[in-house]
Amino acid sequence: MARKIRIGMIGYGQMGRIHAYAYRSIPLFYDPLPFEPVLAAVADVMPGAADKAVRQAGFAQGTSDWRRVVESPDVDVVDICTPNADHLPVLEAAIAAGKAIYCEKPLCTNLQEAEAILAAARRAGIAHQIVAEYRFLPALLRARQLVADGFVGDVFHFRGLYLHSGYVDPARPISWRLRREATGGGVLMDLGPHVIDLMRYLVGDAAQVRGHIHTFIHRRPLADRPGEMGDVDVEDAAQAQLELRRGGVGSIEVSRCATGAEDELRLEVHGSRGALSFNLMDPNWLYTYDATAPEAERGFRRLATVQRYPAPAVAPAPKFSIGWTRAHVAAQFAFLGALAAERAPEPSFVDAVAAHAHIDAIYRSVASGVAEAVPEVR
Amino acid sequence: MARKIRIGMIGYGQMGRIHAYAYRSIPLFYDPLPFEPVLAAVADVMPGAADKAVRQAGFAQGTSDWRRVVESPDVDVVDICTPNADHLPVLEAAIAAGKAIYCEKPLCTNLQEAEAILAAARRAGIAHQIVAEYRFLPALLRARQLVADGFVGDVFHFRGLYLHSGYVDPARPISWRLRREATGGGVLMDLGPHVIDLMRYLVGDAAQVRGHIHTFIHRRPLADRPGEMGDVDVEDAAQAQLELRRGGVGSIEVSRCATGAEDELRLEVHGSRGALSFNLMDPNWLYTYDATAPEAERGFRRLATVQRYPAPAVAPAPKFSIGWTRAHVAAQFAFLGALAAERAPEPSFVDAVAAHAHIDAIYRSVASGVAEAVPEVR
Amino acid sequence: MARKIRIGMIGYGQMGRIHAYAYRSIPLFYDPLPFEPVLAAVADVMPGAADKAVRQAGFAQGTSDWRRVVESPDVDVVDICTPNADHLPVLEAAIAAGKAIYCEKPLCTNLQEAEAILAAARRAGIAHQIVAEYRFLPALLRARQLVADGFVGDVFHFRGLYLHSGYVDPARPISWRLRREATGGGVLMDLGPHVIDLMRYLVGDAAQVRGHIHTFIHRRPLADRPGEMGDVDVEDAAQAQLELRRGGVGSIEVSRCATGAEDELRLEVHGSRGALSFNLMDPNWLYTYDATAPEAERGFRRLATVQRYPAPAVAPAPKFSIGWTRAHVAAQFAFLGALAAERAPEPSFVDAVAAHAHIDAIYRSVASGVAEAVPEVR
Amino acid sequence: MARKIRIGMIGYGQMGRIHAYAYRSIPLFYDPLPFEPVLAAVADVMPGAADKAVRQAGFAQGTSDWRRVVESPDVDVVDICTPNADHLPVLEAAIAAGKAIYCEKPLCTNLQEAEAILAAARRAGIAHQIVAEYRFLPALLRARQLVADGFVGDVFHFRGLYLHSGYVDPARPISWRLRREATGGGVLMDLGPHVIDLMRYLVGDAAQVRGHIHTFIHRRPLADRPGEMGDVDVEDAAQAQLELRRGGVGSIEVSRCATGAEDELRLEVHGSRGALSFNLMDPNWLYTYDATAPEAERGFRRLATVQRYPAPAVAPAPKFSIGWTRAHVAAQFAFLGALAAERAPEPSFVDAVAAHAHIDAIYRSVASGVAEAVPEVR
């Protein structure tokens, strides 16, 4: 009989619903399954939201009081899906309660808070994973393995872009994502963690960064006060030049005003022996280039990674096209599988703190005008 | 309180698992949901399969006796996921029991059986839908709407290919898919229904066809008798030239030996005013060409249909990449939604019979060597 | 001192100008060059056309009387760029005069004439090449070599499409291309020779064909009689199903009404060991798939054939993007190089007759309604 | 009778040959042609090079003494195709001789020299054009026009990359391109002028830059001393973050070690109303996104700019694929056409100096570690 792992979710908005979907899908995608995910409890402060979660996703119980979920003896895992600034108290309470934690990115709203949470989690000895779901796409699992196998050789270039277009329209009102007090930063705090995590996953940390940020639209309508405008106090776009710790250079760019982009996460690595390329809007394929092949046989190869997902993934669909939600299923499988096996989950809050360390260094560089070092996080 | 719709599934192999996944996912993708899908019962003759379905998907009960599911008073819908030749008795029993039916393609193993089933279903007044899930991909919903709105004008050309590569290796043993008695035909019976359904969905029926079939590998190992070979008695590839009932010409090609193909379903329509193009391995986009635009502005446009899925689809992921399984969720939502609203589901067994009528005409043309008419199915 | 080869061109329309461009470009693309192309004479019946050719391309002399060019002692090669139906008398005269011939496709307007020309050319012992320039694109030279090396193994499928959209607009007047008396046929006579030649080049002849043709727009304006309409007596689109002589099946499709197409020549080959894919609108790349690679390494590879053009091509541009005109330069280099080396040029009128034999069989199949054999041409 | 324009070329290496090819091709691509290009003279110091140019390209005379060409009364235009550091004396002499000048990029090896040359050219009143041929690709002509028409609105992002892979192999010896004394800089001096010119052409100058450069391979074999290694004293890769003068931000990246790249020039512009995208390895298409279209109709459109080249370009090939060399033909046509019409050619040495000003600012930023202003060049 597989061990039951009982999940208590905090926050049932867009991300909460996706997490719930993914937990429910795990048993259909993996077989055998060394654990049984149970949607034990859900909390959301919005009136009706917890009831909806119970109805839609089948949580055993719902409440508007997140502390009840965090502290419930019927909950093994706290899954945090609230806006950024609300993570901290939940994290603290979950650590205090000795729960395993699965937390949406960014872990906190700044590096200092994140470091404190990591320290507390370590002291408490709890298991923790940051949501960095793209690591678990077959194409990127494959990319990681190729890098580890020496396929790209010494890394010359890393290029990571994450481009959205949701805020191109100046008539779009200010959401919580555009308020520093709720987020700790702009697009760099929102999309940055993904691209930084994938950089670290594939080619390691940056040692030094030079950052630049920009806000294109400084005033927007206030959603709750018709006819009034408010100030946007976070950036719409950010760039960084990188020196990688293992050698080589790189760049990161994130934007909410990249007109024409849907969910455009692009990764490229060029190395002494090969190259890799990936685009999240074409998620079924990893493009690989083997520079050690005879010259007449060189070229980017489109690997159908979807068909060759590492074990133990099974159906549905070992060979068919997959989309974004698939990554969440795999990330949660990895997390719950680690819990079941009593291994430390990965990526953990260490990785989350490392992402914060990069973001922090980029913001510092913006402020200082010069390159700033990224401290090593262990 | 949304009406419960209780599903009884017959056959829990690869397709059964995908159907189960999709039923479980519906509540997370659509809101509000005018019904509540309940996984009431499952039957599979393979030892342990029904238990596995109960465990993986949460069916309330499992059995090896499909008649118990079909006849159960706790079941509203019979979902048929068995190999082709096993559909017929289940269909007959389900019709006799007055159940709504959701049946995998092809409906039967030949036109005559399919016609009889349609007649019986009509007499019984039951609701029925054939699984033609690709219709429900956002890109193809959009394509259909564009054609209906006159975007392509008079159709000149339709081109439909469905290419797999699973049987390129001659060492792959004979599966049930390569035995006529289990299937009624080869790749045309297997992949043909999809591409014919999409042709009909987008540009209507063919009036006349010229068919050609081919088997590349005539003998393969027998899975159950090591060292022995058996005859393949179905085709590996089929082509048809088409004259469309509404005017214009077309072609269909299906293969299991299209080396390099993963799940390559390609559709193209060229008309007097515009053109459309789609590829299932790039499922997030519909390519459209407006020939009525000023010349300097003409070009194929990549519509991000994923972002603009027709209501009432909601999250997860109104804007992110989707994959193949998403189509099953949408197809089942359409079916159950029709039941809840007491509308006739679509595509129905009428569409299934029409697909059989095309397949039958292609096989007749292969036999006669001349063009054969496709009877109208109403 | 390299041998001078003196070219006499008959017809200086669009194709004549391209041929002239290509002759002039050869010395800049190949080094060392074993011959020196000389633009010796040009004839065109249109008033002013020959003068224009002299001015634009630097022909040494121009005339409206093509016989003077064909019979001139200052001409070694007759290059025929007239409309189809005008090829025959020029071919006959050039053969009679013992000139080497470089003739635009299709060689004649039907198989019988073509066979007679081939016989006459053989009797006269002249050198001859048909213009089938796409063979000489680096990507297709590479494709040919890969097939010869066994890369694709036994051919399962060949797919060749050549799609144009120039006649989608019903207001486009009847040109000579839409008059049977000037062409001998419709789009199959126009675009068919290219795709048939490339099929033969890559996978050999068809043994048997099933054809279908269609005219979408039956009446069009008459260019020379404003307000009047005329009948179109040739097809706008043609398809053929093929059985290949070496085994395997195939299909060909050509159209002038493929809305959205520019110059869309697509080729695909699937075989027991690998696959190839090419598109003329993306001419710098050949896509190759090696089915013998370990499964985790399989995928279509985009070979940058432009960079690895077989010797002795040199600059300009061994690594940069190339376009359609490049193929003409290479085809003429091959022709003149063969003359200089006293080798038989390839593709010759034998290949031209073989293309006619396929076209003839397709038209016969259209008429008979059944499959027709393609005679072997040697 | 069209005016003869007599060209004297200095340097007949790879670029000289391409220029010669292009001059010879102009009359075949443009009709009517308001001038007649004449290949009057060529100089190259390498033994035999000038003779080869006479033989290959048909120059009327060749010499090893470039001064004789520059000062010849039979030469109207001096075309400079030597390595960078050799431009300066030729430029000075050509200005002194009052010749029109067509000069390969970069104009000089640093900003100061370039400014002096511009000043001298202005004093002398000569006509001058810098070779920035990509401006003249149909796709980029169209892009420029779209930006001018307001299609993209306010520019948010510009992204320009020019990636080569020629120096990935550490066994490749040091060429003149890797010696600062011959070039004035590394890849930024070599590929930078192209991407900077296109940035300026499409979205205007940068006001401020933050630069970063890197050398991956510091020692390489010496070509002329077998077994010995030498130091590379220029960068292999460079990046810049940009603030655009008209608002918006951007980035530039150039590399010679971008494994897998052939001739990968990528441009992207995102603005308040639309977006543009281009890739030189796919040169027939411009991708455009109209953010003002109704939401359901938005998507990147692939414009077949090749077919709709602005007048007066004619054949060969108004609709067929083109390659890199086509841009040179168009650039020279623009230059000679301006001379014939007695208009000031564009892009001129002003543009060349502006490119140097950006490069200079990037190098200054690398040295200072902070952002540096780009002076306006008029």
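The first chain written gets the first letter, and so on, giving A, B, C and D; residue counts start at 1 in each chain.
Operating definition for what follows: a residue touches a chain if its C-beta (ideal position, glycine included) is under 8 Å from a C-beta of that chain, and two chains touch if they have at least 3 such contacts.
Quantities reported herein were computed from a predicted structural model and do not represent experimental measurements.
The chain pair with the larger count of C-beta pairs in contact, out of A-B and A-C, is A-B. Centroid distances built from C-alpha atoms place B farthest away from chain D. Distance from the chain A centre to the chain B centre is 35 Å, each centre being the mean of its Cα atoms.
Note on chain placement: the centre of chain A and the centre of chain D lie 41 Å apart, centres being C-alpha means. With each centre defined as the average position of its C-alpha atoms, the distance from chain A to chain C rounds to 54 Å. Along chain A, residues 298, 300, 304 each make contact with two or more other chains. By the touch criterion given at the top, residues 142, 285, 288, 295-304, 308 of chain B touch chain D in their complex. Here chain D touches chain C in the complex through residues 14, 17-18, 20-21, 24-25, 27-29, 31, 33, 52, 55-57, 262-263, 280-284, 304, 306-307, 315-317, 319-326, going by the rule given at the top. In the complex of the two chains, the chain B residues touching chain C come out as 152, 154, 156-157, 159, 163, 165, 168, 170, 210, 212, 214, 216, 236-237, 239, 241, 243, 248-249, 251, 253, 255, 257-261, 270-275, 277, 289, 291, 298, 300, 369-371.
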